[in-house]
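Look at the two complexes coming up: subunit A is in both, with subunit B in one and subunit C in the other.
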Partner chain A sequence: MSARGLNRFGEADRRSAGRPYGGLPAPGSRSSDLVPRPEYTAEAEERILGGCGLMGVCDESGGRMSGELALRSMSSMHDRGNGLGGGFAGYGIYPDFPYAFCFHMLFNDDVGKDDTEYYLARHFVILHHEPIPSKSVRGIEDEPILWRYFLEISDERLAETQLSAEDYVVHSVMDINNHIKGAFVASSGRNMGAFKGVGFPEEIGEFYRLDEYRGWTWTGHGRFPTNTPGWWGGAHPFCLLDYSIVHNGEISSYGINQRYLEMFGYKCSMRTDTEVVTYLFDLLLRRHGLSVEIACKALASPFWKDIDLMEKEDRQLYTALRAVYGPALLNGPFAVVLGMGEGMVALSDRIKLRPLAAARKGTTVYVASEESAIREICPKPDLTWMPRAGEPVIARLEDGVNLATSAAYDAVA
Partner chain B sequence: MTEMTFVRPEFRVRIDREACIKCGRCVHQCGWNVYHLDADDRPMPDHSKCAACHRCVTFCPADAITIEKNPLAYKESDSMSSGLRKAIWRQAETGGVLLTGMGTDKPYLRIFDHLLLDACQVTNPSIDPLREPMELRTFLGRKPDSIEVGYGNGDGGPPKLLTELDPQLMLETPIVFGGMSFGSVSLNVHRALAMAAKASGTFMNTGEGGLHADLEPYQDNIIVQCASGRFGVHADYLQAGAAVEIKIGQGAKPGIGGHLPGEKIDEQVSTTRMIPQGTDALSPAPHHDIYSIEDLRQLIYAIKEATGYKPVSVKIACVHNVAAIASGVVRAGADIVYLDGFKGGTGAAPTIIRDHVGIPIEIAIAVVDQRLRDEGIRNRASIVAAGGIRSSADIVKAIALGADACGVGTALLVAMGCHVCQKCHTGCCSWGITTQRPELTRRLDPEWGAERVSNLIRAWSHEIAEVLGAVGVNAIESLRGSRERLRALGLDQTTMDIIGVKQAGVGH
Partner chain C sequence: MTPSSESVRSVPTGPARRGPTGIEPARITAGQPGLENGLVTRDGDTAHIDARGVYYKTLNEQIRMLVGEGMTTVMLDNINGQRYIGAGISADHLTIMVNGVPGNDLATFMDGPTVIVDDNAQDGIANTMNRGLVVVRGDAGDVVGYGMRGGRVYVLGDVGYRVGIHMKAYGEQHPVIVIGGHARDFFGEYMAGGEMILLGLGDSSEPILGSYVGTGMHGGVIYVRGSVQGHQLGKEVSVVDPTPEDAARIEELVTDFCRVHALDATEVLSQPFGKIAPFTHRPYGKLYAY
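On to the complex of A and B.
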């Protein structure tokens, strides 16, 4: 864990140094103290509770679908949200930059943007950057400045920091989110992006012109928060690296999940359940190298009464999983859809207190809070089913579909 | 009254002469020799000897006995209380250190009683413990940061655990029995606790007095203790238990050793402890081979070597620097840190130590748990919290503060008849618990005692499950360390900051 006053790269904490750059003057910077700006942690004072609707679709063969599909599916679950948050994640949407980490940024103002750009220029090679296209939509207002950056990390930086590219990105995301006022990284993965904001999901989708993107995986979310924060960053999906989470429910084990993650250096400063779920997947899948199936069994573990009846090898495995990952167990009502470079996973809690339906047609896997949201975009599925409590639905992209994850795999191997 | 004393009796024994049938049972039942029969076979009490243990009251067939507080008035003084005056008189008579038994009776702030639990409403449903499984199973021991899972022989077969876990103690409920030595308690108490531990899926702890041969069938549910006196410690003893506990300190008497008076060392105790009959059993204040943390490490690993790497627990009293000490203990290789708070019980301790030394268990749990997390070593050892755990509510709160399990001692004795009269050090316990006098010890039928203790553990486990359901989780690990589910009422800000709990009224 980083020492107090240092950021995650061991540089002086810009805030504690009184300036956003550890004392270095930012080019063209203004005093950030002049205008009080809402912060990234604007929602953090109260933990956000509420119900929601969610969906996910993934074509395992890598066929790319219009974002309009996700939008239409979500609009059929209009009543599951209350217009205080909607969002989507798309994968395979940036074929021109298949290997670059794409940061989708929300800025409160130009100062946050300038500060972030200074940071990015210092830590990354910026291949390309541009505004995230949008159009004005009735009902969508007060949008932040939306910008996306396609980034690479120089070999020297990696050698200097002794970090993997993924860890490097994670550290940067935490740095920006925790230290740069008025800037929030909405997503930071490769060949993917999050499109989210305050509004009903169908409005948000239209605003972001989702129909102009094509991707092999889409997830969507409509939010029903029980308080009214009205902050764009608080909408789902919550993303880190290639992971994106849309989530319906409340994690009753939040307190211990968060303290457990802190031990591994994650800062849960947004105080949303979704953030915790995302970090747990990142920890288990990426850092601990567990498979999706096993990670899901850690997060929504089988009951002891069932484990006790298993054959010896399984019993040992699940006993160890629970003994070691008890603090990671997600308890309380939830259904989540995890988008990832390799595909998509949907999971409900161990007694299924939140709805989740699934379907398959050919190579395409669908999940949603309601079957109607699936039938809206796939009227005649080959198969529909209600996944059992704690049983993950997994869609796995065929090899070679996602160049980024195969390349990353090669680099490791 | 034998000698002249200023100390007037604390209690008055009242006998309803009309009801009394002169059966003489009270005379036999009393371990303190309060009664004698007069010429007319009427029981005559010596009030000064009464400990208010209620043995006679419970067994009087005519319901003729009642014990009252001596109403004798003292001139009020808030500062020089009657209790202090009596203590001075007693010491003026004897010139000795005042001794006592059980946990402190002083009205210190009880943090547990200022903590309130959360419950679910609307946005997250509560879970009905009568319909859904509620899991209390708990593993004590060192855990790795992560595990590795392989698939077949790398060919994509079924998943298989590749990481070998250190041995763990599996508890069916997050409660273990605190160490109480044979010698301080009777063999029947040990038998009852061993049986109850087995029936409850948990562990009893021998305390520092060795393991009597009769308890061997219960080995799998016994933690053997190795304390500074090394009574009854030999290779077979260490291997006999499921785990070994090194006792560095005890919450009721941090920093001092133990003293079992010679009167309590009968033949059985002497054999088990490997010391001569009738001699005082003195455990030194420190272990004379542990003068530093490196020494502790050597002992931990010596024990691991001797036992084929069974879990080693290190019991420490909660003192001011407990967080740093616990961290050192974990780094020295302990698999379990047993924290004993200053309200813990004892068979015998100087009153000044019992009542004035140490810190509360609630604070100790919080600071140790946080310190181990800050250092990234929380999973390397489990935390057992003891010393002032009085109810299932205390257990739930201790776990939410960060303990893996709780150790209970006094409550188990109370289940078997103890009335907390605080006279354990006299060896005259009328309930046959903290005594070796055969006519007293045979009063406790081990099977009866085991049933009472098992009932208590079962009842508490049900209550813990009720709370889990109310807070909307179905596994104890989801409440463990979840301080977010606690709120404080009537604690000062500093205490709340230290234990990491918010004020009631503050939302999530």
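On to the complex of A and C.
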């Protein structure tokens, strides 16, 4: 058992599992009456309140940076988290397999691993698989089995299912997360990967040997779980295909967002609010083909009073957007950083209930919860600013997806 | 039933483990608790601290130690993200110079000193400050002067959201915030006392103020250099023309602000100001009375 009261499967140890009312015995009960609560056993024994920290950096020219940059930036915001979750996403990190979908997997045990490998072998061509390299770091313990698979989909399978490769992967991710016990997909994109777990971000980053990777976009997160359990799968980023989300805040509209997403085949399985943001971006950007700007305005839409003040054309646009995407509206306090094949987007809620700072130096865009986390890795930016509530900060790779999945990009790097 | 005993787990996930808690501590330690003191150099009653990589708690202990020694100027070099600088320090004739970007809650509960930041500042500066002066040469973040009780804050650049929230005044205690640049939504939210001035210098292509200005405001006053539209205001306030007494007060405060930031006060004062004040000091007095 770990000192934090959670075992390796993210489940609370017996001391708290036996107390269904947040550690207090139920009224009129004797200690021998207490049984573990069925669903939420993964909650920690006690809660400490605070706020998450996040960062993102993207070189729009496609120049690749060491993961140590993200690690140092997150480390400077150590005090924002409480060691119950840290994680990073890197883009452009797998030059040997830029076209392959890379599944980063967390397995509770060998059975989950065997079942998943059976599933993957049936549905994909496994180009390569290996343990995700890691090293012993003080503070990181009880890690799950961490493995990565580089996958292709045969033309026959695509023809048979009549799905796009991306939809095929989304189906597979939902299958594994919902139907294979003890197996979770941490990331499933091309030429990218998520590295996450229970610990402080700087510990997690060193555990995964992040400094040995180079990528053109990095996002990082230090977690301070408030409403949902701190477990390996529940650490940020939350990923689907190339989309990764790190999030500070809480999505109060989770219920309606979740039901809306279910209609499109997304099943929420990570026991946390943040995963809806990832799925919403996948739905709006990839499947509905909205631009980043419009997608952000659907998720953090202008208030009606501001729409009333707009010129006719904009008024019609935003009225339609709110009508069509009402259930996709993200309510509650949040600041998120979206990593994707084409670049990086940072967005805060409509009344700026969570901090977000941004900076630019040359072709590199930085965002973070605190400006000091940017200055830690970029002491003298050309420009610093405070992004407006609901206004996205967008970094776009000059060659977008081509760069992300082309074997020729080494010429750039 | 998922097998969950450790016996089923036989696949190594990396180099051979050396024990359940690992051996090496994390190598990168920025922003983490540590015992390293910043290097202190003393020159008469001026002291320098090299704060690079020094944990905020250690740094603030060192500042207090130097103040206790009778230093009147403490120069903090290579500051980056250290929180609570100047927190709760009660001293007159003390100046703390911050070179770098200080962390959140700069000058919180501060009682008397002057803090000068030569760069941008983060969120929550002058939180519940009692007395003293905070000067920021760059921008400042959200919730400047949260629950501020006294003293002054002079920010040269822009500020974020909810500036002056819950500011209050009583008797001799009279807080003042002057902003050189622009401010965002919820300026003066739930403001109960004190004065705020927004000058709106710089970029003139966009509104100098966001929406929901003075929402829940029931005391104090906000002066804005430039125009404010009705839709930007909260329900509890209105814009009126300043009285001659107001104009004299604006001139006094702006002149002092311009002196500190080396601006031309005459030029700044040449444009008209509007006054934002609450309709009543009890906006919610009848909320639950039918």
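Please note the rule applied: the second predicted complex is superposed on the first by the 344 of 413 C-alpha atoms of A that agree within 3 Å, B and C clash if a C-alpha of one lies under 4 Å from a C-alpha of the other, contacts with A are read in each partner's own complex, and residues count from 1 in each chain.
Assume contacts are C-beta pairs under 8 Å (C-beta built on N, C-alpha and C of every residue); 3 or more make two chains touch, one makes a residue touch a chain.
Predicted model, so just to flag it, every value in this text is computed and none were measured.
When both complexes are overlaid on chain A, the residue A:K305 reaches subunit B and subunit C alike. Residue contacts after overlaying the shared chain place A:S134 against subunit C, while subunit B stays out of touching range.
Contact with subunit B, but none with subunit C, is seen for A:L317 once the two complexes are overlaid on the shared chain. In the overlay built on the shared chain, the residue A:L329 is in contact with subunit B alone; subunit C does not reach it. In the superposition on chain A, contact of A:V125 is made with neither subunit B nor subunit C. In the superposed pair of complexes, A:I351 makes contact with subunit B and with subunit C alike. In the superposition on chain A, A:S252 contacts subunit B only, with no contact to subunit C.
Within subunit A, the residues touched by subunit B in the first complex and by subunit C in the second are 305, 351.
Interface of subunit A with subunit B (complex): residues 1, 46-47, 49-51, 226, 249-250, 252-256, 258-260, 262-264, 271, 287-291, 293-294, 301, 303-305, 313-314, 316-317, 320-327, 329, 331-333, 350-351, 353.
Per the touch definition, subunit B reaches subunit A in the complex via residues 120, 123-125, 127, 132-133, 135, 137, 139, 143-149, 151, 158-161, 163, 165, 168, 373-374, 376, 378-379, 471-475, 477-485, 507-508. Per the touch definition, subunit C reaches subunit A in the complex via residues 2-4, 8-15, 17-32, 56, 80-81, 83, 100-104, 120, 122-123, 138-139, 141-142, 158, 160-162, 184-186, 211, 231.
If you check the complex, the residues on subunit A that touch subunit C are 9, 68, 71-72, 75-79, 108-113, 131-147, 181-182, 200, 202-203, 205-206, 305-306, 309, 351-352, 355, 357, 370-373, 375-376, 384-386, 388-389.
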